[in-house]
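Both complexes below contain chain A, partnered by chain B and then by chain C.
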Partner chain A sequence: MKEGFRQAMAWLHTWTGLIFGWLLFAIFLTGTLAYFKAEITHWMQPEIPARTLSSEASLTLAQDYLQQHAAGASRWLIDLPNAREPGLTLRWQQAPAEPGKRGQFTKKTLDPQTGTDVQGRETMGGDFFYRFHFQLQMPYPWGRWLSTIAAMVMFVALISGIITHKKIFKDFFTFRPRKGQRSWLDGHNAVGVLVLPFHLMITYSSLVIFMSMVMPASILAAYKGNAEAFFDELFPESNRPTAAGQPGQLIPLAPLLERARAQWPEGQAGSLSVNNPGDANASVVLERDGAEGVVHDFGRAVTFNGVTGELLSTTPALPVPMAIAGAFYGLHMGNFAGPVLRWLYFICGLAGTAMIGTGLVIWLGKRQLKHAKSGVMPFELRLVEVLNIASMSGLMVAVVAFFWANRLLPVGMAERANWEVNSFFIVWGLSVLHALLRRGRAAWVEQLALAAGLFCAVPVLNALTTPYHLGVSLVQGDWAMAGFDLTCLGSGLFLGWAAWKMQRAGRATSVPRARVRPVPLEREAT
Partner chain B sequence: MKGKSSTLPVSYRLAVTSRVLAAVLGGYVVAALASVSLTLWLPMARAEAVVTGMMTSFLAYLVAVLWCFACRSAWQAWFGLIVPSVVLAAISGLAYWAGHP
Partner chain C sequence: MLLALLLCYGGFTALCLSMDRHHADVLGRKPSARRRHVMKFGGWLLLGVSLWAAVCATGWGLGLVEWFAVLMLSALLLVLLLPYRPRLALSLAVLSLLASPVCAVLM
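What follows is the complex of A and B.
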């Protein structure tokens, strides 16, 4: 490592990027899809209709239902429907069998208009991408650890990448199309620099989100090993009052919404929890809708006495460090984003995914050039090639297979939601097999073309299997449903274009071409 | 450090492995100790100081990792992590035992 600082950073960028690139590609793509989690769920569960309703009416329905079905529970949790998530979600927790244990949770989704159970098809919907994005389908807590480690590696790769490209803004205006390897590099730089603020924000915030899991040393030191005390101080509303043991009549919940509104200028309650319903010591905690501010205020809530209706407490304004952490959390999740900003998030996420993908392609492309004449690829390059293909085009096919499974699996099938997820992983696994069996470029072209075809056909599939096709959704103004179909169509067209370019580039390289001009040393070190 | 893997001597590979270990493990120790020192010395409420310390620790981790690959030798990488670790441990130990909040 005598080559100097920038070369050392280039080396670091190259190898961190390669080793974690495949995982990061999947994390970025699924995370990007998770920005439209609610819309994806709406498409995958079209039985739950989207319509706007008053929170008060929904809450009254929720209270009636819970008093009938869960009167003896120790806690009710009510998520009110909003424009993006049309279902009224109720959860309740039984009193734990013995103190210190967690009571069992039951979850129900109601139609917010009729108050009856929704008979939706069983699916994880957009939640699958959201969960995979940070849990990686691994048991708790390993997936969270691995994704946070990947985030730290991403952080190192980003900063070392910035250091490597000294002429970062000059590079941004340099794009040389149709120059093979160099176009990939220019594209990698352009897309990296263009959304650099997003990359830095999203990477650092992901570390902040899981900081108490991965970096607990300061909690243990400051609280003398008692981490519980820290969380109690951080989330004061989690100190729930104990039941008095005497029955009490719960007040109607709906009027509390108006009284909570008086506490928050322009605020709305997004969810409620009722502790000890039916007990003399009942309390009602209203939490603000996460969609209403950038700063995610942990535990910002208004608490009422559940029997007298007296206002018990409001959480005070956040101290600065918590507000900063909350802002990172809020910025990462993007819950506050309206449609335009949400699309911007989606596009930035795709740009991040593309940056990782182009980086992986560049790594391989550079090293393949040396073996272009002999036509024999060493084992490690072939391994990278197979992983590149399966992790990028294979993942695209898997994503669309997940959507197809949602429409094609019988509605009444047992373990249906699991089988949707299984189809995703089975198809992803098959893409590895296919990449192993086919030559590199052929595998790329075939998988991209397959993904393109499946994506383009999603609107047709939707029209054939449900009554919610584009003709209906566009006329009714159901933008989530229509937007999903149209986005799939757009993705399909883009992937088709990519497959076509890939095939043409393959034909061009098979004819003898001019000698590749040596690239300047500084660019060599990617 | 380019990828001519077949011609690289064993000593070079060992040096790289040593740097990677220093960056991953040593870097974590430096980051954790930095967050503890910051938490114990910041004149803030306890929970606030903890959050600040945790948030900042990743910057310490980043600098430690970059250091491990930027310095001249693997020995230097370890040396550059051990010295700040000892200093940070001393600072936080002082605060901890002095009954600082």
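What follows is the complex of A and C.
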């Protein structure tokens, strides 16, 4: 009975892992990259200088700029610069042409020191990986649904994997390299078991983040089908006052930061929104930087009257259920993490990616053994092989192609940001084609070697196309820029090592295969 | 976080050495029953102390997150080092246990 149950779980683990493995590999890898979203964006928009300045000074600059350029707007949104995102981002919304519609948004990035417009090259930056890892470049809401389904399957695969694994404690420290299929399984178990807390947290929290989408029944039942009413009650600060129609003088915004700080013992404002600036009914909402604690503070805000400066309202501390949801949200995003912890998040993400990758390799390896003698693979195994190659090594090449496109596409090109994304998908598509045309191992080696070469050359490319090469960024202490170059170099070396290993392993197995091959030929002849 | 990392790594190494197979792989012979028990107890104790160190340093919220992070990282590091450089893995554990009191005093 017990063995039967375990076998059933093994079956479940095998097949859920295979069907969703390719997609999950991409979700995990891009999600892992998204931990360095701001740093990737900084590398991809090197024109925006990295400087740290006081929030007050930047806010004064922002207010001056908006008063000059967007006095008539219905709303200003100001994102203050922080250590990871050095630009001062301003957005403003025009009053909608017709009531009930959304007004048009304009976005500008300022240099927080001089207050002048910075023209960063058009790019999605690290946001591309972040968006892709839960939207999958599909129209809303299909990508979100697919990634949420993938998360559920991941959860099933994790639980069934734990049940299938017979000797979690006995094999806890076991990794036996250079033993072929055995080593892959050891590796799969090691990254699975040792980093299990992360896997469970990241998978479960992704379901919590999309819970109103996955399980809307309780909301729809309690609010009589009107989900909007639920969110209005949950986030009251999103209700905006209407303009009075009479002009009013907006107070200086910078001193409000200090007053907001008085409300939050150890927090500070991360962004501001000004409703109806220049109107008698203006209000200023300071939203707390949600990245300060492990528990993400959803929309914790203080509101001031924009003309008199009177404190209008503060949102109360989070109720327990929201704090729990906030904890999962915060844990998943890791916004609170400092540099060291962020790297640990990154390593855990890579371990998750490796777990999925090794799982896919094991599935194929086990079944390939049966056909090793004949040397001919049935169609379905060949399909899995092609998808394995394209989804793993092909994705690596696509990621690095995205970075190359950022440096090589002309700065003034129309639709530039889109073409960066397109080059990612074009290269990924080509990797499928390449995997179809070449024999399995050759395709692996060539794609890994290509990715390795491109990654290793990223620092050189950066030095040739921008003035922010390693010699400059290291001296200036621009760690995001230097770290990106060095991480690319490191990834390139690792992929190069993987390609070399793959080729050597191929040589070791191709010798007996050459001896075996004449046998079926003779049989065919007779 | 460094102190927690040192203690975790030492703790996992002790737990690893409390198992016959790994003890034989690294040190060339099977451990005595007494040694096995000491290693096992010491390993769990070190992991416990590392949790305490992490929580003391940054409070429960961040402390727990950091503890889990170093827990996973130290185990991963040990398992990857063991088959390739068993001696290095062992000396790192000794070093980290020696360094941990210094680290505790300095922080």
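Convention: the second predicted complex is superposed on the first by the 508 of 526 C-alpha atoms of A that agree within 3 Å, B and C clash if a C-alpha of one lies under 4 Å from a C-alpha of the other, contacts with A are read in each partner's own complex, and residues count from 1 in each chain.
Everything below uses one rule, namely that a contact is a pair of C-beta atoms (placed from the backbone, for glycine too) under 8 Å apart; a residue touches a chain by one contact, two chains touch by 3 or more.
Everything quoted here is computed from the prediction, not taken from an experiment.
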Query raised in the report: Is A:Gly126 in contact with chain B, with chain C, with both, or with neither (first, second, both, neither)?
Result: neither
Query raised in the report: For A:Val340, is the partner it touches chain B (first), chain C (second), both, or none of the two (neither)?
Result: second
Requested in this report: Answer with first, second, both or neither: which of chain B and chain C does A:Gly483 touch in the superposed model?
Outcome: neither
Report task. May I ask you to decide whether A:Arg367 touches chain B, chain C, both, or neither, giving the answer as first, second, both or neither? Result -> first
Report task. Go through the superposed model and pick first if A:Ala222 touches only chain B, second if only chain C, both, or neither. Result -> first
Query raised in the report: Which partner, once the models are overlaid, touches more of chain A's residues, chain C or chain B?
Result: B
Report task. In the overlay, answer first, second, both or neither for which of chain B and chain C A:Gly192 touches. Result -> neither
**Report entry** Contact set on chain A toward chain B in their complex
**Finding:** 1-3, 5, 7-9, 11-12, 152, 155-156, 159-160, 163, 204, 207-208, 211-212, 215, 217-219, 221-223, 230, 233-234, 319-322, 324-325, 328, 367, 380, 525
Report summary line: Counting only contacts in the complex, chain B reaches chain A at residues 1-3, 5, 31-33, 35-36, 38-40, 44-55, 57-58, 61-62, 65-66, 69-70, 72-73, 92, 96, 101
Query raised in the report: Where on chain C is chain A touching in the complex?
Result: 1, 12, 15-16, 19, 22, 61-62, 65-66, 68-73, 75-76, 78-80, 82-84
Query raised in the report: Which bits of chain A are touching chain C when the two form their complex?
Result: 170, 172-177, 190-191, 194-195, 197-198, 293-295, 331, 336, 340-341, 344-345, 347-348, 351
